[in-house]
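The same chain A turns up in both complexes below, where it pairs with chain B and then with chain C.
Here is the complex of A and B:
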């Protein structure tokens, strides 16, 4: 392996890991507060990719507008998804809440995917690079400004989420609900309004991730399938509900995938990635950072 | 129940009088088919500290959890400042100024002490005054300021209790419900907790406090009720009840 390979891998790790982190961090936020695996997060990526295509290619507007629109639209969709597929099941007894919401959110995702199929058709829409140029980091290892921008915006958004959760009234309330529901209610936190907002926020981050993934790959009705799987793996791998664990896992997975891509090519990168994940989970079933019942926001 | 507005049979329920912040009428509550609170009546007059004592497992904690909306009542009425509130959510009752400092503290374990306190000021009106409230609580409860940045899960039992108390003082309370503040604490810690409660009491806050026995409530209790099997069996001033040998022996074992 040459130094150019190593640097190429590191660059791709940072880019991929940051976008994975952005998509998966919402999933962690939702698991932490609602204790559900939200299977509609993939469709938010898909919607984001179409919003990106629509704003950048069809309308010819700026990337900032694409991000803004993706945030607004997927925030609304996420809130809506919570209200129709999770909220009606709350407070009822006699069933496995986590399992049933796994199915109901998945059902919503299928509906979204088929609506997209009807509206946009099955073909991949190419989002040609909107930010041109790049920097030659080291002897032909190129970091495009587009990749750089996506990585920086992803990292910036994750940092903003961290600040939001640490410093603001509603951010504290989200963590409070995650850590002790009864106590949060005694403080006056309106939990039934907080849940849809949390899912909206998480979906909005996935939606922006979708703009990026759409620009890196394509926009199409199945654009959320692989990201959903990857987000699930990042979340489980990082320890369910643990934000630092999610970031750790996102970059680890980005590193494994980038390494496999450079060394053996794209065909084998996914099988190798999942093989390694299987091994790690057998050794550490609670993931990299999670401890049973202890991972909290 | 002197002056309780339920004397006229068949009349419309009259809201609690101006002098009673909290009124509980024929309250039944519990878990599943087991009723733990069984037909309990209670009045908490404004500015007073009412103490309920009784052995473990006789419904004291469930009573407070039902009043604050964490447990759904099966039957009966709860009135807060003239508004009927049974069946309302805990988060709604919080907006009416009900502050419940629960058993086991229910702190947010992965938040710092200061973040826990700030959550006590979550409601918009209190949030605007949170910095002043923090100063007030740090001034009132010694030792908290030094722990401000420490995670709640790493605190000792006594410190946790003080944080729970402090969190309850971060907003203005129409009534403060406190569940067994002395439970499981070393004597020194109990003294600190009760010193804080005495201060709150002296400021005129209405308090409903639950304890297992008379030991610590000496200088805070205005009225004492003895609870047994989920309803109140004796009521009176502390001096009278604590000197009554039947009360002490029948309901409390030893003093």
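Here is the complex of A and C:
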């Protein structure tokens, strides 16, 4: 392995890890707070990619507007998803809440994907790069401004999320609910209003991720499938509900995938990644940072 | 997870504990017999090849759903990787038909064994995990398998273009006769799978599986090993799914990746949930109702899945126990009303518990 390979792998690790982190951190946030696994997170990436296409290509507006619109639209869709697929099941007995919401959010994802198929058609739409151009870092290792922006915005958003959770009243409320639901209720946290907000916020992060992923690849109704799968692998690996675990996992998985891509090619990178995760799970069934006593129901 | 409660089909309070009992009540046996008897006659009465073909496909899906229901509903392992196992059975059968002189029925059985083997291998890492991690791992297993097949690095599966054409079970017969032969073969397999699962469900193995599902602490206290019984469940379920895959390949004389993507997974999960997980009649009802719905929506392919997704959402939110649960609730309401039982409403509670 040459030095160019090593630098190439490192650059790709940061880019992949940041975008995985952005999509997966929403899932972690939702799992930590609501104890559900949001399968509609992938459709938010898809919606984001179409918003990016609509704003950048059809309307010809600036990338900042695309991000803003993606945030607003996917925030609204995420809130709506929570209200129709999770809220009605809260507090009812006689079934496994985690599993049933897994199915209901999956149902919502089916509807979103097929509405998109109906409205936009099955064909991949090219989205112009959010930012064009690039720099040569080291002897032929290119870093496009597109990838650089993607990594920087993702890292910035994750930092903003961290600040939001640490400093604001609503952020503290989300963390309080994640730590101890009953105590948070007794302290007067309006839990039933907090849940839609959390899911809207997480969906909006995935939506912004979708704008970038759409510009990197394409906008089409299946644009959320692979990111969903990758986010799932990240959250299993990191341990559900652990924000630091998700971050470590996102970059570790970015590193594994970038290495596999450089050494054996793109075709095998996902199967290799999956094999490694399988081995890790046999040793650590709750991921890197997941706590064994997570089950609450 | 307190009390160990009972199959939704029976409403008598004495039956609300898991017991050995009979696999199927007299009425249920009669129902299945009548259904099979009517179905056997269909190709004679209804000479519409399209309709018979739809039913063949539906019954292959039914066999897959029976296998899925066994591991998901009866064993209570949230396995979402079943379509990959089904496809493995199909591809295994196809490779045998294409490259070896093995007779087609044997190829289908061997495909089933291959699927069972991989299912067992999948069981070990899966059963290390609990709760939602199980569904995550198996769901990603199916997706990664799909990804490998689509990219087809080894050149075995034909990738997204589909498997090369094989001869199938009845290629020596004229088309309409072959179709009818498939109809009866698949009907026999579906009936056999239903009876097998019904029998296992009330056998020692089935009782152990349901106890592990409903009350893991009690099962552990009685020395029932979750790993051993659930691996057996994976093997049986994998074999049935693999046979279904082999039948699918044989009937279509090919196998494409569109049989194992997110779309068929959504449809199958909807069938299982709408029918009622963990019950014997659930897969039959769910597959029947959804096939009818799909056929009636065939002129509107665009909105078909949108409607199915909406139905899945509505059913899960309003009736988490599915049609079988709903029917037995209604039945128990009526019988309670007939008996003028004061506690009529409570009769529904143990039934609602079943589908957790």
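The rule is short, and it goes like this: the second predicted complex is superposed on the first by the 292 of 297 C-alpha atoms of A that agree within 3 Å, B and C clash if a C-alpha of one lies under 4 Å from a C-alpha of the other, contacts with A are read in each partner's own complex, and residues count from 1 in each chain.
Rule of thumb we're sticking to: contacts are C-beta pairs under 8 Å (C-beta built on N, C-alpha and C of every residue); 3 or more make two chains touch, one makes a residue touch a chain.
All values reported here derive from a predicted model rather than from experimental measurement.
Partners chain B and chain C, once the complexes are superposed on chain A, both fit on it without clashing.
When the two complexes are overlaid on their common chain A, residue A:85 makes contact with chain C while staying clear of chain B.
By the touch criterion defined above, A:172 reaches chain B but does not reach chain C. Judged by the touch definition given at the top, the superposed model places A:202 against neither chain B nor chain C. In the superposition on chain A, A:235 makes contact with chain C only, while chain B stays out of contact range. Of the two partner chains placed around the shared chain by superposition, neither chain B nor chain C is touched by A:153. Put chain B and chain C next to each other and count what each touches on chain A; the higher total goes to C.
Of the two partner chains placed by superposition, only chain B is touched by A:187; chain C is not. Chain B and chain C, viewed from the C-alpha centre of chain A in the overlaid structures, lie at an angle of 90 degrees when rounded to the nearest 10. Taking every C-alpha of chain B against every C-alpha of chain C after the fit on chain A, the minimum distance is 12 Å.
Shared contact residues of chain A, touching chain B in one structure and chain C in the other, are absent.
The part of chain A that touches chain B in the complex is made up of residues 169, 172-173, 175-176, 179-180, 182-191, 296-297. Within the complex formed with chain C, the chain A residues making contact are 37, 84-85, 88-89, 94-96, 98-100, 102-104, 106-111, 113-115, 117-118, 225, 229, 232-233, 235-236, 240, 267-268, 270-271, 274, 278, 281-282, 285-286, 295. Interface residues of chain C, counted against chain A in their complex, comprise 78, 124-125, 128-133, 135-137, 139-141, 143-144, 147-148, 151, 153, 262, 266, 269-270, 273, 302-306, 308-310, 312-313, 316-317, 320-321, 349, 352-353, 355-356. Note for the complex: chain B touches chain A at residues 68-70, 89-91, 94-95, 99-100, 102, 106-111, 115, 118-120, 122-123, 127, 167.
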